[in-house]
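A, B and C label the chains in the order they appear, each numbered from 1.
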Amino acid sequence: MKRLISVMFVLVIAVSLTSCGSSAPKVLNFYTWSEYIDPEIYTMFEEETGIQVVEDTFGNNEVLLAKLQSGATGYDVIVPSDYMVDVLVKLDLVGELDHSLIPNIGNLDPAFTNLPFDPNMGHCLPYFWGATGIGFNWNDWDEAPNSWAYIFDPELAKEFEGKISLLDDMREVFGAALIYLGYSPSTTSETELAEARDLVIGVLPYIHTFESETYEDFLLTGETALAHGWSGEFLKAQLEDENIDFIIPKEGSLMWVDNICITKDAAADPARAKMAHQWLDFLNRPDIAAINTNFVWYASPNKAAESGISQEILDYPAIYPDEETISRLTMAVNVGDFTETWSRMWTEVKAGK
Amino acid sequence: MAVQFPGQIDQKQAGLTYQQENKPSFLSRLWQWLSTAYAGMFFFFLYAPIIVLIVFSFNASRFPTNWTGFTFDWYVQLFSNRLIGLALKNTLIVAITSTIISTIIGTMIAVAVERYRFRRKMAVNALLLMPIIIPDIAMAIMLLAFFVLIKIPLGLPSIIIAHVAFTISFVAIIVRARMASIGFTLEEAAGDLYANEWQAFWQVTFPLLLPGIIGGALFAFTLSLDDYVITNFVSGPSSTTLPIRIAGMIRRNITPEINAVSTLMLLVSMIFIPISLRLQRRANMD
Amino acid sequence: MSIEPRTKRELLIKNILLSPALFWLIVFFMIPLIIILVYSFTDRGTYGNIVWTFQIDNYIRFADPLYIGIFWRSFLIAILTTVICFLIGYPLAYWMASQPAHRQNTLMLLMMIPYWTNYIVRTYAWRTILTREGILNQVLIALNLVSVENPPILLFNNQAVIIGLVYVSVVAMVLPCYASLTGLDKSLLEAAQDLYANRVRTFLYVTLPLTMPGIVAGCILVFVPSLGAYVTPDMLGGGKADMIGNLIAQQFGEASDWPFGSAISVVLMFVMLFGTLLYFRGLRSEETQR
């Protein structure tokens, strides 16, 4: 008996020692959205630089903010959306970029290099941009569901009772509702927001689930027939089932620009800063950016990559929309103090009976 | 006349069974059949999801809703999954370290509380009880707020600290239960035989406590291995544990790889349980 | 039987034995608790930082029907889960206790094995079973109990959450009941069978009351985790059956409102403490009755 205990004890010490003694390879902690990069790129990057990228994912911007605010100091590179960059800059959670370390920065389309929330790419580079819309299955439709009414109008939503999914994201859901009602998706008016809230609560009985990450899977299995989500996900799903498609409703929708930034504490540490800048530069190499775009099916702000992007993607109106559609798209803006009201109304929806 | 636990079938005392049980009436046989059927349904309910999980780990299709063919592919994919390996390593480091610390100091306080009378014992008892009645989520946010305020970086050390904090009480309870069932008579007898208390403790009490200590250690180990909520809140980027990695996989990428991991975990525990039970039994006998 | 430490040496031993665990619990439990208590009286800044003004606004905000409603619904779900676990679990514990001794060990093992699978994974299994195209519906359709076009929606609602919670907790109810049942003093049962004619009355008036400690322990082990449940409603509730645990998590997550989240946690903990105090009061009065 005693021998057994001492053997176990030795085993335990051995395990803990082996884990302590191993030399840490160069590691970059990348905090991003799920399925938002071609995993091949991680391998290619490691082969070229010896740096191992460890990916962690989040489902909405607020979670990213919360994690950073609560002192998670291990992340090196993050991928926040437009309005969140605004918040992160104001809270001093992102570091400044050293453009000299990013030679490939010239490849970026000037249209995206001077966005209002981050002048002259002081803190972030644009990563991908796209629009939110509705995913559907051609088996259920003769004509594409070209309106938010199919989700927000109780008469129409009833048709698909229990087969509609919404994003688990208050900016997106209320944003869509507000646009449908003709208001700004970044409103600070309590009455307008209340209207949006009531609209969503009105169709809650027909909503199957709030889901931000696997909604396209539900569409694929037939669990849902209409999914509120982001363009690229549905188009990736289309590769598995050609009946899946995506549309930007006629009333307009949210356009977003996701950005890739370096965290404050990574910028402060020379070793980590160097790795982070290398990563940003690598991602903006035309060939890499093209590979990435061909995988995620979103629009790339990297002009030089266009020669490598598959024609199918370039021609796809839902990914690279025409002028007319672009005019219907709005970018979300940080609502500052009003966030608490948004938050409260969102809780009312989620708890909504 | 020997007393039967109502309904108990005691084969050893066949000759002395209670009058009523001697002639199995139709009613009592029906009752036995019904209760066995009930037990059967219960275990079916308990095992059905597990079986579904295992079966679909071999499903060729990515989706757990239709079966398209048998394959080992997901297991293969699992073994080359670097992130899972990392998570497993982290989980083991945390579980082993926190179990060792927790068992030692939990046993110590259990002995102290059972053995000695002192002022403010009630306060100590209350303090020991609280982590058990506080829900996971409350404990998780408490610790997060604490680590952030005191500026302790979130990572493996913070997870280990958290795990010890919520397992001490369980170890203490289990060891105390064991102590209560031993009583002190043996130790008093030892006091007559051995020169000092220290020897009496190590030669008599400690071996007697061992099953309780092992039981407590195993329980703490399980709690640590399984923990998701608390670990999720106090972990940092490179300190992902297995439950967190699995939850992440469920949330974003549904593939039978999840089923494969679960099946393997089940296999491991099926090997582990009999071993641990035997450990406890041997400790009991020595 | 505890002794009073008499010598200085005994006192020293006692303190050495107590200190490490006390230190750990005070520093890594009490202090965090106090921090949360303090935070519950602070305010949230524009971008989610803490503003140190003393105010009870968070508690007032919680007193809103919206949040009380969530709390109440969580409470009901937890109670329902506990009751169902009892109704399912106690009979099984009874059955197990009346099996021959050697079989009991095997049964115990059989029951623990699923329990050793991670609860997240077991909850996920239920998700795959309950989805519209999932196994359960497929079986029901095959048995012609439901129509193919309109199978019942079993997932992403309160019912699914309860199923998940019951599944994960039922063994925690069975074990203490079983321990109590096997610990029954047989002589009491003998006396009962001499006095009472049939088994039903023996059960109701003797067995059940005597196993009450086990039952109560089981209830606590089921109720506490169920009330504070977070993973199950998240995974099986589809965002529509959020419980108090989810609400708290959101405040520390996307809502970035730590003061409010702290206030909710304090309320939750108070309820738990209050319930436990009631339990202990009940135990003590039962003892004085005997």
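For the reader, a short list of remarks on this structure follows.
Everything that follows uses one rule, which is that contacts are C-beta pairs under 8 Å (C-beta built on N, C-alpha and C of every residue); 3 or more make two chains touch, one makes a residue touch a chain.
Computed from a predicted structure; not experimentally measured.
Look at the CA centroids: the one farthest from the centroid of chain B belongs to A. The greater number of contacting C-beta pairs, out of the two interfaces A-B and B-C, is seen for B-C. Note: centroid distance chain A to chain C, computed from Cα atoms, is 36 Å. Distance from the chain A centre to the chain B centre is 38 Å, each centre being the mean of its Cα atoms.
In this assembly, the C-alpha centroid of chain B lies 15 Å from the C-alpha centroid of chain C. Among all residues of chain A, those that touch two or more other chains are 70, 221. Among all residues of chain B, those that touch two or more other chains are 65, 144. Shown for chain C are the residues that touch two or more other chains, namely 131, 133, 252. Residues of chain B that touch chain A in their complex: 63, 65, 83, 86, 89, 92-93, 96-97, 100, 144, 147-148, 151, 153-155, 236-238, 240, 248, 251-254, 279, 282-283, 286. Contact residues of chain B toward chain C in the complex are 3, 5-11, 18, 35-36, 38-39, 42-43, 45-50, 52-53, 56, 64-66, 104-106, 108-109, 111-118, 124, 127-138, 141-146, 149, 161-162, 164-165, 168-169, 172, 183-184, 222, 225-226, 228-229, 233, 242-243, 246-247, 250, 258, 261-262, 265-266, 269-270, 272-274, 277.
Remark: chain C residues 44, 46-49, 66-67, 69-70, 131-133, 153, 155-156, 238-240, 242, 247, 250, 252-257 touch chain A in the complex. The residues of chain C lying in touch with chain B in their complex are 1-5, 10, 14, 16-18, 20-22, 24-26, 28-33, 35-36, 39, 88, 91-92, 94-100, 109-114, 116-122, 124-126, 128-129, 131, 133-135, 138, 167, 170-171, 184, 186-187, 189-190, 193, 199, 202-203, 207, 220, 224-225, 227-228, 230-231, 235, 245, 248-249, 252, 258, 261-262, 265, 268-269, 272-273, 276.
Within the complex, the chain A residues that touch chain B are 1, 4, 12, 15-16, 19, 27, 29, 31, 34-35, 54-57, 59, 70-75, 213-214, 217, 220-221.
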